[in-house]
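To keep things simple, chains are lettered A, B and C as they appear, and every chain counts its residues starting from 1.
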Amino acid sequence: MEWTVVLWKLGEGLLVSLGIFAITLLFSLPLGLLVAFGRMHKNPLISGIIKIYISFMRGTPLMLQLFMVYYGPYYIFKVSLHPGYRMTAVYIGFILNYAAYFAEIYRSGIQSMDRGQYEAAEILGYSKMQCFFRIILPQVWKKILPSITNEVISLVKDTSLAFSISVMEMFTQAKALSSSQSSMLPLIMAGVLYYIFNFVVAFIMEQMEKKMAYYQ
Amino acid sequence: MKKFGRNLLWIATAGVLALGMVACGGKNTTGSSSGSKEEGSTQAGSEQAGTEKAGEKAEAKVEGSNGSFTVGFDQEFPPMGFVGEDGNYTGYDLELAEEVAKRLDLTFVPKPINWDAKDLELNSGNIDCIWNGFGMEGREDSYTFVGPYLANKQVFVVREDSDISSLSDLKGKAVEVQKDSTGLTALNREENKSLKDSFGSLTEVGDYQNAMMDLESGACDAICMDSVVAEYQIKTFKKKAKVLSESLTEEQYGIGFKKGNTELADKVKKTLLEMKEEGVIDKINEKWFGTREGFILQ
Amino acid sequence: MAILEMKNIRKAFSGEEILKGISLSCKEGEVLSIIGPSGSGKSTLLRIATLLEKAEGGELFYDGKAIFSLTEGQKKQATKEEKEEAKKLFGLVFQNFNLFPHWTVVKNVMDPLIHVQRKTKEEAEEKAKAVLSQMGLLEKAEQYPYSLSGGQKQRVAIARALALEPKILFFDEPTSALDPELTGEVLSVIRSLKGQKMAMVIVTHEMTFAKDISDRILFMADGEVICEGSPEEVFSSEQERMKSFLGNYQNLLS
């Protein structure tokens, strides 16, 4: 097999991995914030439900969650599956899982904020919404950025779990090529691609942290 | 605070809805873009395009499929199903399946699956059958089978320079077998108990690729595997390995359909028999195994 | 008429009474200082006046309008809108400044003007710069709070409160978090406000300053008002608690 074919196949897988990565971040970051609000809600019913959700997402393997999201509708509700649901299930599984992790990061950031910031905003006449989005969130964001970076880098590697519901992402392609060629080379190439992927991610996150360093 | 909370709830609801829509939309774009990118290419390309088409035909594909024939296989299983030289899916079983689909006027969709999830894939209707050197033994009650169509032995592969030359030499050796494979089923048979117990260790590995690497590197002494796979591996990749002449009893490959889906199973069986009549099967056998022997479907 | 009027304010934390029925009032342009030992409830009183804390009993009026009225017979709270209205009348300067660290000095001052008072950006900037120059901080406008000294930070906080043009300004121990050599600049800024007829309620430990600036002084201990009057009256009071407090204070100085 030509190495260009190997690269082409790996590239196809990489596109799938990138898609999972981007869609997951795009939705789980805002969703995580909402989950964090639910977790801190005064109503014990709401905060209780959210607490259970977070502990389930963090306490069970992502692979199991993907199985549940994908096969659950059929096995639990007897709804026959649409072929296009496979990718959707991957997105939903990843988003729900990562939102739970992000929620806990947001929560720790929000709770570590000085009460004086809320009080000053209240005295100056800001509404609760304005206070949160203009004053609290920008500061929280700076505090939690290093933790977010850790999760984002884990996400790059976690995308390979999509194969558990037969989505052909990069690692799966690499394994298939490796067995058809009886060679380690495709796996090594995939490793290099993952490394480059994460190198770019780490670089972007570092730039963001630098950008936030204008105050202390 | 209350009003604040209520606002957030609205945002949350809107967010979840938007999520659903974009996630579905996202899938469509992915599918069609890779479809057009690979225009003209054959199997792997048409896999996605095929899935897409089946998707557009809405719920047409339920039990037994109208329009497409989706074959689930383990893409790490040469020569039955794997990634070919041109990057598209190929293999003995896939070639048979494609020809069957053509004759039944169905769109052939090879779908590589996570082997661990094969039952979930089949039962939920994502694939129409498992056609992938699939041993029938011990599984008769779980699937509706077409077959046996191919006879196969479970053999032991050892290094070329190995001093192991018979089954009795395996005593105390490190043996590997693919998990959930026919080889493992064979070893678990009552008649092979004393052989299995004589091994130094028996390790279940994910795929034959891992096992071959273990054998070459010395991490194991022998692999129990399907003879068709063993012959192909050694011949194609010029492995410094040999197959012991002694083997376990024969076992047979079948095509697994969802339990009760006899309608589709019967059609496939009839088509295969036609192909045998016309000599098409002989050609395919010769291409992959170098012999016309082997096809045993009655 | 009094801008601020508090009557018989009571407050307890986990069963312990912090405020045992405090009354005070502040007229337009009047400077009122509240002094007393730590833990006497001064700051809690201020937090109740600024609606950061809820009282358990008593009444609060701004400009004659009741914000809450929690007496034997009735429990009345003003509507949310009425409270918002009252909030526009006062400002508060915190002990710990509570500037917004992610904004420049000028942004700290002008942002509430834009997003709370709905002024245009130009108006807000003009106003912010005017107040900052009044505080002698115009050249710091584009810096971030972390690069300022404590005294400068507190002056920015005062500028931020002033820019909203309150009728009455509360100070909660405005120099307690500062190094001694930095208190002077903050106190002189507060003094300059007296010249502008700004009504002020100041909780402070700076006795000399309180004596100097106040129209009236209120001495609190153990949740009660011990004595109240002009600086001369309070500082020459024969009241036992007052004398021992001032005695301790003078010992500290010498």
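Assume contacts are C-beta pairs under 8 Å (C-beta built on N, C-alpha and C of every residue); 3 or more make two chains touch, one makes a residue touch a chain.
Chains and their UniProt names: A = Polar amino acid transport system permease protein; B = Polar amino acid transport system substrate-binding protein; C = Polar amino acid transport system ATP-binding protein.
Model, not experiment: these values are computed from the prediction.
Student: Report the chain closest to the protein's overall CA mean, measuring from each chain's own CA mean.
Tutor: The chain sitting closest to the overall C-alpha centre is A.
Student: Relative to chain C, which chain has the most distant C-alpha mean position?
Tutor: Following the centroid criterion, the farthest chain would be B.
Student: Give the chain pair, either A-B or A-C, that is connected by more C-beta contacts.
Tutor: A-B
Student: Can you check how far apart chain B and chain C are, centre to centre, with Cα atoms defining each centre and the answer in Å?
Tutor: 77
Student: Between chain A and chain C, what's the gap in Å when you average each chain's C-alpha atoms?
Tutor: Spacing between the chain centres: roughly 46 Å.
Student: Whole-Å distance, chain A centre to chain B centre, using C-alpha means?
Tutor: Centre-to-centre distance between chain A and chain B: 31 Å.
Student: In the complex formed with chain B, which residues of chain A make contact?
Tutor: That would be residues 1-2, 5-6, 8-9, 12, 15-16, 19, 23, 27, 30-31, 34, 37-38, 41-43, 67, 71, 74-75, 80-84, 86-88, 91-92, 95, 128-129, 163-166, 168, 172-173, 175-180, 182, 184 of chain A.
Student: Which part of chain C faces chain A closely enough to touch in the complex?
Tutor: Going through chain C, the ones touching chain A are 50, 52, 84, 87-88, 91-92, 94, 96, 98-102, 111-112, 115-117, 144-146, 160-161, 164.
Student: Once bound in the complex, which stretches of chain B touch chain A?
Tutor: Result: residues 1, 3-5, 7-8, 11-12, 15-16, 19, 22-24, 26-28, 30-31, 34, 44, 51-52, 54-55, 58-59, 61-62, 75-78, 82-87, 111-114, 116-117, 120-121, 123-126, 207-209, 212-213, 233, 236-237, 239 of chain B touch chain A.
Student: Where on chain A does chain C make contact in their complex?
Tutor: Contacts found on chain A: 114, 116-117, 119-120, 122-126, 130, 134-135, 138-139, 142, 214-216.
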